[in-house]
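One structure is given below, encoded as structure tokens.
Should a chain be cited, it is by its letter among A, B, C and D, assigned in written order, with residues numbered from 1 in that chain.
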Amino acid sequence: MSHAFAYALVGAGLFLLGLYALVAYAHLLRKILALNIMGSGVFLVLVALAKRTGDAEPDPVPHAMVITGIVVAVSATALALALMLKVSGKTGQAVLPGRHQD
Amino acid sequence: MTLTDYATACLLILGGIFFLAGTVGLLRFPDVYTRLHALTKADNVGLGFIMAGLVLQAESWLAAGKLLLIWLLVLFASASVSYLIARRALNKGIRIWM
Amino acid sequence: MEAILANADWGVIVILLPLTGGIVCFLWPAVSKTAGLITVAAVVLAVAGLGRQIMEHGAYRHTVGGWGAPLGIDLFADGLSLFMLIMTALVGLGISCYAKSYFNPRDAVWFWPVWLFLLAALNALFLAADIFNLYVTLELTGLAAVTLTALTGRIDALSSAMRYLLAMLAGSLAYLLGVALLYHDSGSVDIATLAQRIEPNATVWAALGLMSAGLALKTALFPLSFWLPPAHASAPAPVSALLSALVVKASFYILLRLWLELFADFAEGVSTLLGLLGAAAILWGSLQALRQTRIKLLVAYSTVAQIGYLFLVYPLASASSGLAAGIAAYLAFSHALAKSAMFLAAGNLMRFGGHDRIADLDRAVQRLPLTVSAFALAGVSIMGLPPSGGFTGKWLLLDAAMSQGRWDLAAVMIIGGLLAAGYIFKVLGYAFMQAKEPHDARAVPAGMEWAALLLAVGSILLGLMASEIFALIHPDLVANAGGAVERVWTA
Amino acid sequence: MDVIVVLEWAFDAVLGLGLLWLAWRTLNSPDLFKAIVLFISFGLLMALAWVRLNAPDIALAEAAIGAGLTGALLLAALARLRTTTDNTMPAQLPAGSWFQRGLLIVLLSGSAAGLGYAVWILPSHTSGLSMAVTANLDVSGARNPVTAVLLNFRGYDTMLEMIVLLLAVLGIWSLGGLPPRPERPAVAVLDTFSRFLIPVFILAAAYLLWVGADAPGGAFQAGSVLGAAGVLLLLSGWRPGVRLMQWPLRLALTIGAITFIILGVLTLLYEQQLLAYPVAQAGRMIILLESLATVSIAVTLAILFLGESPDPEEKK
């Protein structure tokens, strides 16, 4: 059952990696990728720990939650990409104004 | 282990070797066209061996049919997609390695 | 008829009504304005129905699907949730009346369905008793709020909406990771079940940290408030009002609820930290507001400061948590009324002059008296002067701070009040003066002026009706607060 | 048996490290196109991880939505981005100073330790809600526990979920839609490919929808496969007609949510509880909900990819 914990730790790692990139890089597309990886990390924690049921079937409730989460993630990604394109269409650059170094 | 199991193991290992060869080709070959060639040719055969190995273990004809269908779909998709990639590469003006 | 009204399941109706309204607006854009206004008015009535049920029969609980927690999802409303629902319905109605005249036909087609979905999301959020369901409602709220922010399509609106969306999503994911840890620690996402099972251990602490950080980011608690001023300042006026009055309160409510039910007993250190950040927010937000040269940014920074007051509740809560939550809810309500009035007034001033530069307000007092009165009345509540709701709330908070010997927090509150007076009189002062380059006044629809004024009057009325309202939120508040309020009024 | 255990551990280790490595490469490879391709392969590895964790429903959803559609959305956005921006800006441009990033790394390392410990001390054996799900599975109307949770036990979440999808479309449309993608000339092979594949997609979607009640699959998986068929159609140059883009499209986008609301009102009237299906009807209601939700999900995903506003005046 320690497989479950190993995957959960990978999930936590993905969350933090994504968080680092979200803050540390200015390009909006990269920030959107970072959020998606953070999301995958959270989902991995949810599902990996649901496997702590011995030989029985894993707990299905987190599975349903993650399917919900994946749909939220794709909706949010689509909206974020659209906003990014609008911002870059007006400024010529896919970064937020003012909060990055040149 | 029965004879079928041994046959499956052999086929799976053979398939794995083809996949390995395809991947080495993908990494080592010099340009996009040769890489595509390595990838599609070797991997399609590799997948064929793996499917053959799994068919031997299939519980019903229906399951075997599904496996065969998967192989055919992958063949079809990889053929079309590698054509599209190669075409795009040609249009972009990537020269063929000689 | 009477029986139907008494037995109808108002809690569910409060969620389904705006959902249906939003879909109708989406399917028939031509009727969206009418359908939107009718829906919002109907929601106010449904909330009233729910309020009557709760007053008569106590807390409301609905087991969705008939399963019951922890397997199913429960809806739950006590005085606190009811209070937030009333806030949303009334302020939402005021802003809707304003929005009716504000938007051009192109924007109105998008505003109404998204606003109705936002309303449904907020109502669902205040009724949720399940931390995963809260995540879904939070995401709904966030996506709707971002869409509304970007509505004008101007570059400042677009980039602040982008920043807003990134912050929202990061906050939600941190919250969701906390939910994951809590579920795997205690085997439930139902708040009541969790409350019985929860034991302080490292997992729960990590969940607490993640959820609090995510929600603090969404509530724009200093220093996580970087996204708020540009978003609230660049959105269309009714949207700024919705964001400042209602949307930030949603995540604050979740934090408060989690704190009350789950974490209050063992996390005193964290509540000290939240209080310190709240104090910092008051000082920093007020100083920034004072420095601004544009009304909308000034009002937005004022929101950062006023959110700080809400967080002062945490360090003062340890002794009597229910009471403190009541004070926080009351403060949130009075801020919602005052701040929505301010943003709407700012929208009127922009419509009137075509800009929102404070220095060029150009005799707005004479030419737009209702709007300036609305701004001034709302200002009374923001500064915390009697007899406004802001006064009563802040007085109770001050009283709690002094009785617990927290002179530092009391001092911050008083300085915050003085700074607020500074930035509000700055606007009012220029409104009396003639600008260097006088400009013509453009017409402002009467409905827009009256909507702002009525909300501002509401923020004053809230103070006058304090004891009735406290009876609604928390029984103990009447005893404690009644005394405090009377002491002030007789003095 | 020991060999198998070692192999399993080796596989899991390679997969876990591969996920972390791909995530890292996605987030800091200098070329954005490469980053997106790496992200798509990350999604495929995630699908493998879901299979390892006995979560076939999520594996299907991840492969179709997480890697497939999100990847398509990202690539389409990148193609549009390259027509609107100057590409001189380095894609790795850091935000903030070295000092700030150093501070961030210290902070996040601390969080990593704390988070790791918080996960590690969880009890090694717990069933969560699976007992409760199993006990009520017979009366839920679905034999696949994940479907039972999604459409019955927690059907209310799924109802709100349909609105989340709708809001994404509303958001993009209210922005005036996306600039058109740079068109590529039609390719005969792609046309043949799509013509052959789209019926297969529809068949697969119908299959996933049908087995969803008993086995892995369901509305979200079927919807995303169908949505992918739509994306393929759009890629091969097909565009919905102007009339189709008006109310039929709006109805298709909302039909899932509408069904949920109607069923919600009916159950509220007859059962006094929101979405409480009578046991005898539960199976039929779930199939009805899932079929119409599939339509909405598929159309939404394809429209998110298309990105154009239905309003002819908006196309500037």
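The rule is short, and it goes like this: a contact is a pair of C-beta atoms (placed from the backbone, for glycine too) under 8 Å apart; a residue touches a chain by one contact, two chains touch by 3 or more.
As the structure is a prediction and not an experimental result, all values here were calculated from the model.
**Student:** Between B-D and A-C, which chain pair shares more contacting C-beta pairs?
**Tutor:** More C-beta contacts join the chains of A-C.
**Student:** With centres defined as the mean of C-alpha atoms, identify the chain lying farthest from chain A.
**Tutor:** B
**Student:** Rounded to a whole Å, what is the gap between the Cα centroids of chain A and chain B?
**Tutor:** Result: the chain centres lie 31 Å from each other.
**Student:** Using Cα averages as centroids, what's the distance between chain A and chain C in whole Å?
**Tutor:** The separation of the two C-alpha centroids amounts to 28 Å.
**Student:** Quick one: report the Å distance separating chain A from chain D, using the average Cα coordinate of each chain.
**Tutor:** Between these chains, centre-to-centre, one finds 12 Å.
**Student:** Among the residues of chain D, which are close enough to touch at least two other chains?
**Tutor:** Where chain D meets two or more other chains at a single residue, that happens at 115, 119, 122, 126-129, 133, 153-154, 157, 161, 164, 167-168, 171, 175-176.
**Student:** Return the residues of chain A touching two or more other chains; collapse runs of consecutive numbers into ranges.
**Tutor:** 12, 15, 19, 45, 49-50, 52, 61-62, 65, 68, 72, 75-76, 79, 83-84, 86, 99
**Student:** When you check chain B against every other chain, which residues touch at least two of them?
**Tutor:** As it turns out, chain B has no residue touching two or more other chains.
**Student:** Would you please name all pairs of chains that touch?
**Tutor:** A-C, A-D, B-D, C-D
**Student:** Which positions of chain A touch chain D when the two form their complex?
**Tutor:** Going by the criterion above, the answer is residues 1-10, 12-21, 23-27, 29-30, 32-34, 36-37, 40, 43-45, 47-54, 56-68, 70-79, 81-86, 88-89, 92-95, 99-101.
**Student:** Which of the residues in chain D end up touching chain C in this complex?
**Tutor:** On the chain D side, the touching residues are 114-115, 117-119, 121-122, 126-129, 132-133, 136, 152-157, 160-161, 163-164, 166-168, 170-171, 173-176, 247, 250-251, 253-254, 257-258, 261, 264-265, 268, 271-277.
**Student:** Report the residues of chain D in contact with chain B in the complex, numbered from low to high.
**Tutor:** So the residues of chain D in touch with chain B come to 187, 189-190, 192-193, 196-197, 200.
**Student:** Of all residues in chain D, which touch chain A in the complex?
**Tutor:** It comes out as residues 8-9, 12-13, 16, 19-20, 23-24, 26-28, 32, 35-36, 39, 42-43, 46, 49-50, 52-55, 57-58, 61-62, 65-66, 69-70, 73-74, 77-78, 80-81, 84-86, 89, 91-97, 101, 104-105, 108, 111-112, 115-116, 119-120, 122-130, 133, 145-146, 148-150, 153-154, 157-158, 161, 164-165, 167-168, 171-172, 175-176, 178-179, 220, 297, 301, 304, 307.
**Student:** Along chain C, where are the residues that touch chain D in the complex?
**Tutor:** Listed in rising order, the residues are 9, 12, 16, 19-20, 22-23, 26-27, 62-67, 70-73, 110, 113-114, 117, 120-121, 124, 132-133, 136-137, 139-140, 143-144, 146-147, 150-151, 153, 158, 181, 183-185, 187-188, 201-203, 205-207, 209.
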